[in-house]
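The structures considered in this document are given below.
Same chain, two partners: subunit A is paired with subunit B first, then with subunit C.
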Partner chain A sequence: MILTAATYFFGASAALATLLMLFQRDPVKAAMLMLAALLSTAGLYLTFSAQLLAALQVILYAGAIMTLFIVALTVTPAAWRDKPGKGSFSRILGLAAAALILTELLKVSAEFKTVVFSPEFSETGTLDLARALFGRFAFQFELLSLVILTSIVAAVTLISKRKAV
Partner chain B sequence: MMEFFEANKDIILFTGVAAVKLAAFLGAVMGFAGIMTLAERKVSALMQDRVGPNRASVFGFAFNGLFQPAADGIKMILKEDFMPARAEKLLFTLAPFFALVPVLLLFAVIPFGDYFMASGYMVELQIADLPLGLFLILAVSGLAIYGVFLGGWASKNNFALLGAMRGAAQMVSYEVVLGLTLAGLMMIYGSASLQDMVRAQGRLLFGFVPAWGVVCQPFAFVLFLTAAIAENKRTPFDLVEGESEIIGYFMEYSSMRFATFMFAEFVEIILVAMLTATLFFGGWQVPYLYDTGFMFPGGALLPLGHHLVAALQVGAFAAKTVFFCWFLLIVRWTLPRFRFDQLMGLCWKALLPLSLLNILATGAVLTFLAR
Partner chain C sequence: MSAYSLSAIAFTLFSLAAAGFLTCGSLVRMLMFLELMLNAANIALVALGSPAVSQAYAVMLFAIAAAEAGVGLALIITLASVFRTLEPGNIRELKG
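On to the complex of A and B.
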């Protein structure tokens, strides 16, 4: 009973925050609304008793990625001005991207009629996840680190180029 | 009424016990944070050969400044609550909460004792024993960054925003080191629950050395303490606020809003002290003290009653917390401040590689021991 109510509450607040974010012009406020949406999603995971997923959602998305967004936002000129700049081209581009994502989402969600979750998941979830990541999918998991390595090398190259000039 | 009580006895009992634990533990923490504000000023006075605050008095009794925290509180409440005209009203108001709430939330997973038997019921001396407590610590402490950033950004002051940027960059960097140092502990104790970790620290190595985190992971302890002080934004890492020289993110805040930021810092000192005690110094463990009393390595026994054992354990935890709070105060008034590039260099070029090496070494030792 409480769990169902919480599920609907977190789902609704995630959807509401996302909607508000889409119509928010101020980049920092939009980032805050996105944070609210991410935290609601973490709450949603908790109601499905996927504790590790909820914790990771907060650590990675709300803690790391959103902070990176915000640090990046503060170095854009928009953060230092009161009124955000206007650009009709970027607005059209944004609308097109939103429409594309919306159709994709509608297409995917049409297949899900009921939500299925098992309460036993949380008991063994973490261990099973670790076993899958470092056992069956170890090679693919290690391959992922190559992506990060590439981005580190790219970042270092960017910095060294700037220093040379 | 009685039927309802009988039917829902477990839930009512659980809620009541949880409420009592919350009130007692958080009450103690908040009270101690108030005393910490005085202790900070007294320690700084001691270091600088001054007397420190000693004038606030009630009916002429000053007790060497004991009423100073109360006087500070009253002063803060009565001051004008100023908000810049162009500030973002909602976010400006929310920022102090973002600073204080995550810190208070984390006390829920800290075990302040083992268990306590009261009229046949076993009361766990921890507000919530989460199986993923360590992950919760990382997740929630990451949210504290938003208090700093929103405080700076919502005041619409460029200097405050600069302070907020410094703060966000510093906190997100040291967060990484903090997480990596905790990974080594998780590998050793095989659990992310703080109570499990403390129980595991009750074992003895070679028959007489307590298996405290500082013995098993001495390297991680130094890294953790450094990163935690940086997360706490205190000297030598206080470039976020830099009270007197470089202006910080809360420069537009006054009255209780400002006090909330300051109070959050003092509560965080206690949190860091408690985490250090819990993760590296055995938490509530007293060396050689078990459920039935002391059992020394030589074979000598000293049987003790359950209530005395529980009191000793809670007392040991409190003593360790007070010790580390004092240590953090001393550190603040001893070390000079870093420059910002030194601060970032220390994190990414020294602490981060070292913490990765620590994980590697821990894994190697564990694999070697498992053979």
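On to the complex of A and C.
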């Protein structure tokens, strides 16, 4: 009962933060609302008994990625980043497209009738995850280091090219 | 909890982020909403999949999201310094 209520609470707070972000003009305040949405997601992971994912969500998303965004916002001049958004027609078109996506997704998921997780908190989620990552998915997990390395090289190349220009 | 309720939470988050992506006028904001879309997909994966396997995929998606954010922001900073704007409508050529 408490876990079900917590799931709805964290889901609603993440949705509310994302909704407020849509109408927030100040980019730093928008970044703070994004942080609230990401922390609510960490809460959602806790209710799913995914403790490691909740910790990774706080460290990676709410920590590292948010820091990157704040750095990007501070190095770009205010005159470029604070321009008003697209025209009202484009906005309405975008909102209509998003509403259509939501309707279709909900229509498809109406078929899901199964109960997916028991409302009891489990403490063995991390152990099962570690067994999967270092057993069945060990090769894919190691390949991720290559992905990260490639992205680091790409980012450094892009920024150094900019300095050369 | 039914799968429908959990998927409704994830899909609502995804649609709100998609609405932001389609309506905002700045590249940094677009990337922020893109991250939130990926986050919503991750929630759907963890909520609807079998516990250990879906969580393993979610960990891999975390790494991919971090890589994507790093490359995306480097691209945006480079584009901003070349074109002097963050508005995607003003960037009309991508010649290297």
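Here is the rule we use: the second predicted complex is superposed on the first by the 112 of 165 C-alpha atoms of A that agree within 3 Å, B and C clash if a C-alpha of one lies under 4 Å from a C-alpha of the other, contacts with A are read in each partner's own complex, and residues count from 1 in each chain.
Everything that follows uses one rule, which is that a residue touches a chain if its C-beta (ideal position, glycine included) is under 8 Å from a C-beta of that chain, and two chains touch if they have at least 3 such contacts.
All figures in this text were calculated on a predicted structure; none of them were measured in a lab.
Asker: Touching A:21, do we find subunit B (first), subunit C (second), both, or neither?
Answerer: A:21 contacts subunit C only, not subunit B.
Asker: Mind working out whether A:158 is in touch with subunit B, subunit C, both or neither, as first, second, both or neither?
Answerer: The second partner, subunit C, only.
Asker: In the overlaid three-chain picture, which partner chain does A:52 touch, first (subunit B) or second (subunit C), both, or neither?
Answerer: both
Asker: Touching A:35, do we find subunit B (first), subunit C (second), both, or neither?
Answerer: First partner only.
Asker: For A:64, is the partner it touches subunit B (first), subunit C (second), both, or none of the two (neither)?
Answerer: In the superposition, A:64 touches subunit B and subunit C alike.
Asker: After superposition on the shared chain, which partner residues are touched by A:74: those of subunit B (first), subunit C (second), both, or neither?
Answerer: After superposing on A, A:74 lies in contact with subunit B but is clear of subunit C.
Asker: Using the superposition described at the top, determine whether subunit B or subunit C touches more residues of subunit A.
Answerer: Greater contact footprint in residues on subunit A: C.
Asker: On subunit A, what residues does subunit B touch that subunit C touches as well?
Answerer: On subunit A, the residues that contact subunit B in one structure and subunit C in the other are 52, 56, 64, 68, 71, 75, 80.
Asker: Help me check something: in the complex, which residues belonging to subunit C touch subunit A?
Answerer: 1-9, 11-26, 28-29, 31-33, 35-36, 39, 42-43, 46-48, 51-53, 55-56, 58-60, 62-71, 73-78, 80-82, 84-87, 89
Asker: Tell me, which parts of subunit B touch subunit A in their complex?
Answerer: Listed in rising order, the residues of subunit B that touch subunit A are 86, 88, 91, 130-132, 135-136, 138-140, 142-143, 145-146, 149-150, 153, 156, 158, 161, 164-165, 168-169, 171-172, 175, 179.
Asker: Would you mind writing out the residues of subunit A in touch with subunit B in their complex?
Answerer: 28-29, 32, 35, 42, 51-52, 55-56, 58-59, 62-64, 67-68, 70-71, 74-75, 79-80, 82, 126
Asker: In their complex, what parts of subunit A are in touch with subunit C?
Answerer: Contacts found on subunit A: 4, 7-8, 11, 14-15, 18-19, 21-22, 27, 30-31, 34, 37-38, 41, 44-45, 48-50, 52-53, 56-57, 60-61, 64-65, 68-69, 71-73, 75-76, 80-81, 83-86, 90-91, 93-95, 97-99, 101-102, 105-106, 109-110, 112-117, 119, 122, 125, 128-129, 131-133, 136-137, 140-141, 144, 147-148, 150-152, 154-156, 158-159, 161-162, 165.
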